[in-house]
Each structure stands twice: as C-alpha cells, then as structure tokens.
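What follows are several structures.
In the two assemblies presented below, chain A is common to both, partnered first by chain B and then by chain C.
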Partner chain A sequence: MKNSLALTVCRVALLWAAAICVLFPVVWIALASLKNPEQLNEPFLLSFSPTLDAWRNVLDSGILEAAGRSAIVALTTVGISIVVGSMGAYAIARFRAGGTLTRFGMLAAQVLPPAVLVFPFLTMAYALRLNDTLVPVIFAHLSFVLPVVTWFLIGFFEAVPRSLEEQAQVDGFTRFAAFRLVVLPQVFPGMGAAAIFGFTLSWNDLFYGLILAPGKAAILPVAIAGFNTFRGVQIGSMSAAILIAVVPVVIASFFIQRRLVQGISGGAVKF
Partner chain B sequence: MRVMTFKHGMVAPLVALFIGVVGFPLGYAFYLSVTDYKLTSRGAPRIVGADNYVATFGDAAFWQSFGTTALFVTVAVGLELLIGLAIALALQKQRWASDLTRSMLLAPMFITPIAVGLIFRFLLNDQIGAIPRLLQTVGLDYDFFGPGKAIFTLAFIDVWQWTPFMVLLLLAGLESIPKQPLEAARVDGASGFYVLRRVTLPLLAPVLVVAILLRCLDAMKVFEYVFATTRGGPGTETQTLQYFVYQTGIQFFRLGSASSMAFVVLVVVLTVIVIAFRRMERAKRS
Partner chain C sequence: MATVRFERLTKSYGSIPVVTDLDLELPDGSFTVLVGPSGCGKSTSLRMLAGLESVTSGTIRIGDRDVTNLQPRERDIAMVFQNYALYPHLSVRENIAFPLRAVKVPRAEALAKADAVAESLGLSAMAGRKPKDLSGGQQQRVAIGRAIIREPKVFLFDEPLSNLDAKLRVETRTELLQIQRRLGITCLYVTHDQEEAMTLSDRMVVMRDGRAAQVGTPLEVYDTPVDTFVASFVGSPKMNLVDGELTDESLTMASGFVLSLSQGVSRGHVTLGVRPDDLVPTAADDGRATVKLVELLGPRAIVTVDAGGTELTCVVETARMSGITEGARVSLSARPGAVHVFDAETGRRVVGDQMKKGNELHP
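Let's look at the complex of A and B:
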C-alpha cells in the first residue's frame, strides 16, 4: 500500500515536471513577444507593461505573406498527395498493387536524407529559371509528403472490411464507384489525420525552402530563420513570428494525435 | 482482366508522381555525384567517375561530421527512449484530465524545428537567457554552447522536441498489449518493477524497435538546430552530416562532392530502413 502511494507521487511529479519543461519555453517566448528591447534583458521580469511593438514590426516585415506562401505550398502538396495517395494506397492495400517495392519505396522515401534530393531540385530549378519560386519547393515537398500520406492511408484502407465493397459491386456499382462512394467514406477520419499530418510536415520544413527559395519567395520557416541574421537579432519580433508559425499547427495537431500512431506505423501499431 | 486494369489504373498516378519527385531526382543526384558540377561554373559538367567518392572517403571533416552525428543520435535517442518510456508509463495510469495532459505533452513534436532551435538559442544564451541566469543564482556557470558542451545541448533540444514522439508510440504500444499476462504476474505477487522488466518490456519490444529506428533515422537528418544555434561551431564541433553537406553544396557550390557525400549517408540510412521494413512487416503479420 505504502509502495503504491510512493509510485503515485513519483508518477504525478514526473508528469508535472514534463508539463513544466514543455510549457516553460513557450510561455517565455510569448512573454518575450510583448516586451520592449530593454525588458528583454531581464528574463525573469514578469510584471511589465506589455507593448505590441514587436507584433507591429513583425506584421510589417511581410511575415503574413510568408505564412501565405507556406499555406499555398502545404495545401497544394497535401491536396495532390491525398488524391493520388488515396487511390494508390487503396490499390496497394487491396490488391498488393506495385508489389513490395512500391510499399518499401513509400517507407524509404519518408526517411531519405533531404540532402540527397535537394541538389537535383536546385539544378533543375535553375535550368527552368524557376529558382526562388514556389514551384520547386512544392515538388520537393511532394517528395516526402506523398510517401507519408500514402503510407498513412495504406493502414487505414487495410482496416476496411472487404465485404463492404463486394456488397456494393453486387448492388451494381463499378469498382471505382465502390471505391469512391463506399470505401472512401470509411477512411475519412484517417484521410483527415493524414492531411493534417502532411500539412504540418510541409509547413515545418526549413531545409528545402532555404535552398530552393531563399529570397523573395521565402516560406515561413525561412522567414523566421531570417530574424536570426537580419540586422542583428530582434528577439521580440522573432518571438512573435515563432508564435504565428506554431499556433496553427499545434491546434490542428490536437485533432489527430490518436490516429497518428496507426498512420506512422502503417497500421502495424493500433491505438 | 478488369480487376488488373482497375488495380494498375489506381496505382499508376502514384507510381508516376513518385518517380517524378523521388526516383528521377535520385537518379539525377547520382549523376551529379560522378561529375565535377559546380553551381558557379558555366558549360557542361565533366564526368569524373568515382573521384568524388574517393575524396569523400578520404575527407577527415566528413568522417568527423559522421562521428558528431552518431554521438548526437545516440545521446538524443537514448534519452528520448528512457524519458519517453517513463512518461508513457505515467500517462497510461493517468485518469484525471488525461486527454488534455496527453495533448499538451505531445505538442512539441508539431512545432517548426527552426523555431525550437531559435527558442533554445535565446533561452540558453549566456547573456540574456533565462536558464543560465537561473543556474547562476545557485552558483553554477555553464556555457551551453561552449566547446565540448554544444553537441549535448543540441541533443537536449532534440530530446525536448522529440520525446513526445516516443511517448506517442510507446503509449499506443502499452495500451495494445494484452492484459492477462500482467494480471497473472500481479496475482502471483510479482513486484511492479519485475512486471515491467519481465512482462511489459518483452511484449512492448516490437513497438520499441520501430520507435527507436524511426527516431534514429529522423535524428540523423538534424539540420535546423545546428543552423539556428551553433552553425557548426565552436570550431567544427557540431557540424552534423546534413549541415556539412549543406555547406559543401550551398556555401562552396560544390554540388558534385556534396551529392557523393549525401549518397554515402543514403547507403547507411537504407541499410537501417531495410531492417526497419522487415520488422514492421513481421509485426504486422503476427
């Protein structure tokens, strides 16, 4: 009895410690975005009259345009990946289409070092005079979002009972109609999770954006990295920019955490 | 016959797009790796055969960054595993506000890595950072980005962001293992620690392996933290593989040799993936 009480105390203490570790940097950044440059030198200053100067600065610096470009890239990549990926994932899950090689390719491409693919994308962009535009960034992001989304969906399609579509075919649906009208609605939750996960992957990526579009078409992570070098460091504005980048994806992530496991492991681990 | 057409028709767009965005660039990268291509030079690049690879294998700086990356991955993933397992076990028993606790503890893995890097750059800064100040009040003077320490600081940042990924997978694993063996052991009067070591961990092994492999492969690609904080310094101490390849290709414009380095990394990664893939397929069949 005594033993289990000690365990409970340890357990709760551990969770509190973890929560503080997670929240502390985020709260600190939120406070920093409301401080003026002098107050920033006092990390523990908690009661101060907040200023919105940093937020005004950051909004004037074109961060919203960068966020818009990031959204365009992420939505385009995810849109293409969901359409192409769900058709492919269904064929792979149901008919083993493309064999083990396709399946393996989907897993391997997720962990491919970006350093391998980025230089071909860069030289091709130069050759087509598309460097510093969003086009090569979209193609580069497809190289990892497409496999992730497909891999994700394979697991969800495998969980749909075969009898459903057999019944639909008996009822006179074509195979494609059975897929679109009967099977797809079954995996909508999985598709939603895959879409949000793919979106965060694209939204968070710095490496490709930094190399393929470092200038006028900079996406959000590149713009944030720019606060680091541009005219010294503006911590206040950078903090505000970080919050703009972080808040949407963290909120979106709350909706998908349960399905994430099943997706990441390709259906091998279920929650 | 119609099944075949349907099956191939459904998978064809995927395969075509995949070849376009992964297969072709991969082949092109291999071509670049056997040329002396430089971003600055005009005219057709010259084929130099295995020269770049020979140079890469003989490059001490490349192997140094290989070692740095290995150290980073080992420290980071090791800590993530230990802390992640502890948190997953604690969360599994959590009843009060469990969904909220989980969501909050898992949040770091969704934050843009460059933002995480920059946050810690200033949080740990020895002039204005909160944590060094805090340590000074108890008489400790620790330079987080100093020689011999910077790589561990980077690993610590990785732990902050990616332990949640471990927690997520391990928690799922814990909740899916059968209850009977645990209860049987408890009825037999086994201690909690004994149950954990002899019953829970062996049952969790397949998930543990998948989680560790996925984390290792991802940690190998570390770039943002280095770019945000140390830029490879002090000296070249924290030059990780991805950062080293980036520098070779982008700052020195040597795409040929950068591609050959990337390919050497790729071979290492592929070996690990083949193992991971086999494990996953086996886990699924059982």
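Let's look at the complex of A and C:
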C-alpha cells in the first residue's frame, strides 16, 4: 500500500515534469504575445500589464486569410488522401497488392529530403503558370500526406475480418458495394484519426509553401515566417500568430490520441 | 428451392489438390452434411458453391443453372459463417434486413420483414441492439435470421455451431432443423463433428483428402461404412478396429489374443471392426482381457479393455455392469452379426450390408 503510494507520487511528479517541459514554450509564447516591444527584451519578466497590440497587428496583417488558405490546402490534401489512401490500403491489406516492397517502400517518401522534390514541383508549377497559387502546394503536400495516410489505414483494414465481406457478397452485393457498405464503416474511426493526422502534417508544413507560394497565396506557416522582417523579428506578433496556428492542432490531437497509436503501429505489426 | 449438382468438381492450389472429382447431388429440400477431418476439402467445397472460391475444373449447377463462374450475389444463396460475420455497425434488425437492401426492397418494408423474422427467432427484445451486445447464441440466431429472410435457393452453413457451448449447440441444432423443415430449402452444412452430421443430415457425405469417401443416409453410413476410415470416423466412441486372422468362430489377433465371434465367416487375414456397443465384456475369472478404465455416462458406461496389449472400447448398459470394475478380468465377445470386415490391405469393406441384419454371410 505504502509502496504503491510512493509509486503514484513518483508517477505524478514525472508526468508534471513532462507536462511542464512541453507546455513551457507555449506559455512563454503566450506571455510574449501579450507584451509590448520593450518588455519583450526581458524574457523572464512575468509581471507586466498585458497589451493586445501584437494581436491587433497580427489580425490586421491578414493572418486569418493565411489560416483560411492553410485550411483549404490541408482539407483538400486530406480529402484526396483519404479517398485514394483507403482504396490503396484496402488493396494492400487484402490482396497484398504490390507485395512487401510497396507496403514498406511507400514510406520511402518520408526519407527523401523535401529539397529533392521541391525544385521539380516549382519548375512544373512555373511552366503551368501555377506558381504562387495553392495548387502546387496541395500536390506537394500529397507527396507526403498520402503515403502516411495509406500506411496508417492498412492496419485498420487488416482488422476487418474477411468473412464480413464474403458475407456481404453472399447477401447479394458486389465486391465494391461490400467494401463501401460493410468494410468502410468498420474503419471510420481509423479514417477519422488518419484525416486529423494528415491534416496536421499539411497544416504544419512550411518548406513547400514557402517555395511554391511565397506571395499572395502564402499559407499560415509562411505568413508566420513573414514576421521575421528586415527590421528584425517581430516577436510579439509572431507569438500571437504561432498560437493561432497551434491551437486547432492541439485540440484535434486530443481527440485522436488513442487511435493515433493504433494507426501508427497497426501498419507495422502485422505483415 | 432447387437441386444442387457438383459434377467432377476439382479445386487445386497450384499442384496441391484440395478437392478432387467431387460428384454430388443435393436433392431439392434435402439437408446434406459434409463431414470430415480438417483439411479434407469440405469447407472448400462449400465455398465453391457459395462462389467465394474459384473452381479449377468441373461444374456446379443450382437447379438448371450453371453457376460455376457466377458471382456469389448472382447465385441466390445464403450462408452462415462460423464466426457469424454479423455487421458490427448495424443493429440486429438492420443486420437481418441487409440482404433485402441488395434487391432494393424499400427500407420500411425490409425492416418490417426483419422484425417478423426476429420475432420468429425470439429476437424481438433485442432488435435494436448491436451484435456485440448479444450472447453467442443470440448472434447465431441473427445470422440465421439474415440467411432466411430472402428465402434463397440454397442455405450454406460453415460450422455454424462450433463457437457455441455444448448445451446451446444441441438446442440450436434442433431449431436449425425445424427451420429447414419448415422452409424446405436445400441445405449444405459443413462440420467436423460426426455427431452433428448424424443428427442433422438426411444425407451425409464423409470426405477424406478432397474426395467423397462415402455418401448415404446417416444410418447407411453408420451401419455399412465402406472403409476403415469412415468406420472409425463415424460413431462415438470410435469403432474398434483390429487386425487378425478371421475364422468361423473367432478372430485371432497378432498378439495371440482371441476374440470370440459367432459369425460363421472365414476370411483369413482381415481388419475387423466392432462398434463399442456391439462388443460385450463378461466378467470371468479365466478372462484374458483386463478392464483398464470405466467412464460412467449415466445409463451407459464406456469401458476400456486391454486385450492382449490392444485397447478396445465397449459401451455397456449400467444394469449389466456387475463384476466389471477397473482391474477386473473379462472375456470379450461380439454380438452376433454385428461385425464389419475390412480388407487388411486396402481397408475396403469386404462384405455387404447383410452383416448388421444377422444374415448368413456370403462373401
């Protein structure tokens, strides 16, 4: 009893320590966003009269439009990834399509440095007069979101018993109807998690956005980076913008944490 | 409602044959059971009829229609899987109604019909629940309900009772039989349990290594097994099979043990089969066999006897158990006319079905 109490105390202490480590930068940024430029020079100043100047400045700078563009990019990327990825993951899970090489080679895109891909993307976008629009950004994001979403879904599809589809076929449905009416509903939770996971990946990407759409079509991370001006970093405004970018992802992650582990490990454990 | 025919049905995976030249006819409205040890091709045969497994060669007909290469949905069949395969995201009512959705029955009508089926199976109280909230027996009934709602031409059952506990299995078996008799739909049922096969079937097909070893009514198969495989597979406890020299009065086993018979058949070297019910131990001080084990079943007991190093099984009525206790000396005799004689080399039955009737044997 005494032993387990000590264990509990240790565990709670450890968790608090971890939470503080993770939350410290966020709190620090939140404080910075409420300081005036002079106070920003004193990073450890905890007691000050807060000002919303930085927030006003950020909102006037069109950060919400950038967030909207980021949302368009992320939602489109995720939408395509879910539709294509679920069919791909099903084929890999059921029919061993492409063999082990496809299954594991799919993640090779993660190993490839983005710098290798971005130049061809830019050249193509320029040739098509699509540079500084959201289209090349979406395509670039698909290059890393689609494989991850597919990988993520394989484990969920493998968990669906084959007899369920066979039953649906015997019950009078085509293979595709069996997939749509019986298999897909079983993997909806996994798809939800995959969608949020993919959304986060796309939402957080700076590199492709910065190169393919640096100007009027800038997405949120690019807009945030824009506060690093030739007159120096506008720490207050940047802090406010960062909070705007982080909050939706944190909230989304909270809802999928359990499925996240299942998805990431599910694709790997069984093969 | 249709007759099903398998004509020289063959299935192989690469060079490995699973089912070989299976010829079988399931008469309209019959209940046929495919039974055999695991890996004998019984499930594969069923799945070929369902259209879930491709056919290597041969033909499958349902009624006049050649369905060999048709999709499962085009065959007008219903199937109950071993794990029931209920749709987890649908309620009991929706599960039962699901096959009607494929034939575009309006939703309200389909659900009304599903409710009627649920009621006939005693599932009304749980019509709105999800499968995971049901017991195994209830899930089983939902699967049966889903199979009967569309009144297909053929019912297929792939070991549907093997996930139930013993008591429920017997109850469900009875219900299943009643439903089949009421609807009169041709049934093909796969099981590895010979007792289930005996009780359910009009016609029983014992399979071995992808071939039908014997086809017949359960009684025919039980009384006149065609070979030692069928003889030992059907019946519980298993038939005693002993090699020895058969003369008019007795069988002399290799160990020198003599089993007294009153058959009047002399065949030389044979494999002799005696069902445990037909082997009678009698307590005798000069008996050459020893009782090793007595397992009481209530009205009967299974008595395991050591006969010169060979273990033989007898089933004895409890009333006739006097003197038969573990360690007791007994003599053994087979009931007149109740032995099965098989060729010692091939294992094939050497004499006809007159054995059981106690007639004189004319090999």
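In this section, the second predicted complex is superposed on the first by the 246 of 271 C-alpha atoms of A that agree within 3 Å, B and C clash if a C-alpha of one lies under 4 Å from a C-alpha of the other, contacts with A are read in each partner's own complex, and residues count from 1 in each chain.
Here is the rule we use: contacts are C-beta pairs under 8 Å (C-beta built on N, C-alpha and C of every residue); 3 or more make two chains touch, one makes a residue touch a chain.
Worth saying up front: this structure is predicted, and the values here are computed from it rather than measured.
With both complexes brought onto chain A, simultaneous placement of chain B and chain C is permitted, the two fitting side by side without a clash.
In the superposed model, A:123 lies in contact with chain B only, and not with chain C.
In the superposed model, A:87 lies in contact with chain B only, and not with chain C. In the superposition on chain A, A:37 contacts neither chain B nor chain C.
In the superposition on chain A, A:22 makes contact with chain B only, while chain C stays out of contact range. Once chain A of one complex is fitted onto chain A of the other, the partner contacts of A:161 are limited to chain C, with no touch recorded for chain B.
Of the two partner chains placed by superposition, A:79 touches none, neither chain B nor chain C.
With both structures placed on the common chain, the touch criterion links A:169 to chain C but leaves chain B unconnected. Applying the stated contact rule after C-alpha superposition, one finds that A:109 touches chain B and leaves chain C untouched.
Nowhere in the superposition do the C-alpha atoms of chain B and chain C come closer than 8 Å. Residues 3, 7, 11-12, 14-15, 18-19, 21-23, 25-26, 28-29, 32, 40-41, 43-44, 80, 84-85, 87-92, 94-95, 97-98, 102, 104-109, 111-124, 126, 139-140, 142-143, 146-147, 150, 175-176, 179, 200, 203-204, 206-207, 210-211, 220-221, 224-225, 227-228, 233, 235, 238, 242, 245-246, 249-250, 252-254, 257, 260-262, 264-271 of chain A are the ones touching chain B in the complex.
Residues of chain B that touch chain A in their complex: 2-3, 6-8, 10-11, 13-15, 17-18, 20-22, 24-26, 28-29, 32, 37, 39, 86-87, 89-91, 93-94, 101-115, 118-123, 127-130, 133, 160, 168-169, 172-173, 175-176, 192, 206-207, 210, 214, 217-218, 220-221, 223-224, 227-228, 241-242, 245-246, 249-250, 255, 258-259, 261-263, 265-266, 269-270, 273, 276-277, 280, 283-284.
Those residues of chain C whose C-beta lies close enough to touch chain A in the complex are 50-52, 71-73, 77-79, 81-83, 85, 87-89, 98-99, 101-103, 146, 150, 156.
Those residues of chain A that touch chain C in the shared complex are 161, 163-164, 166-174, 177, 181-182, 185-186.
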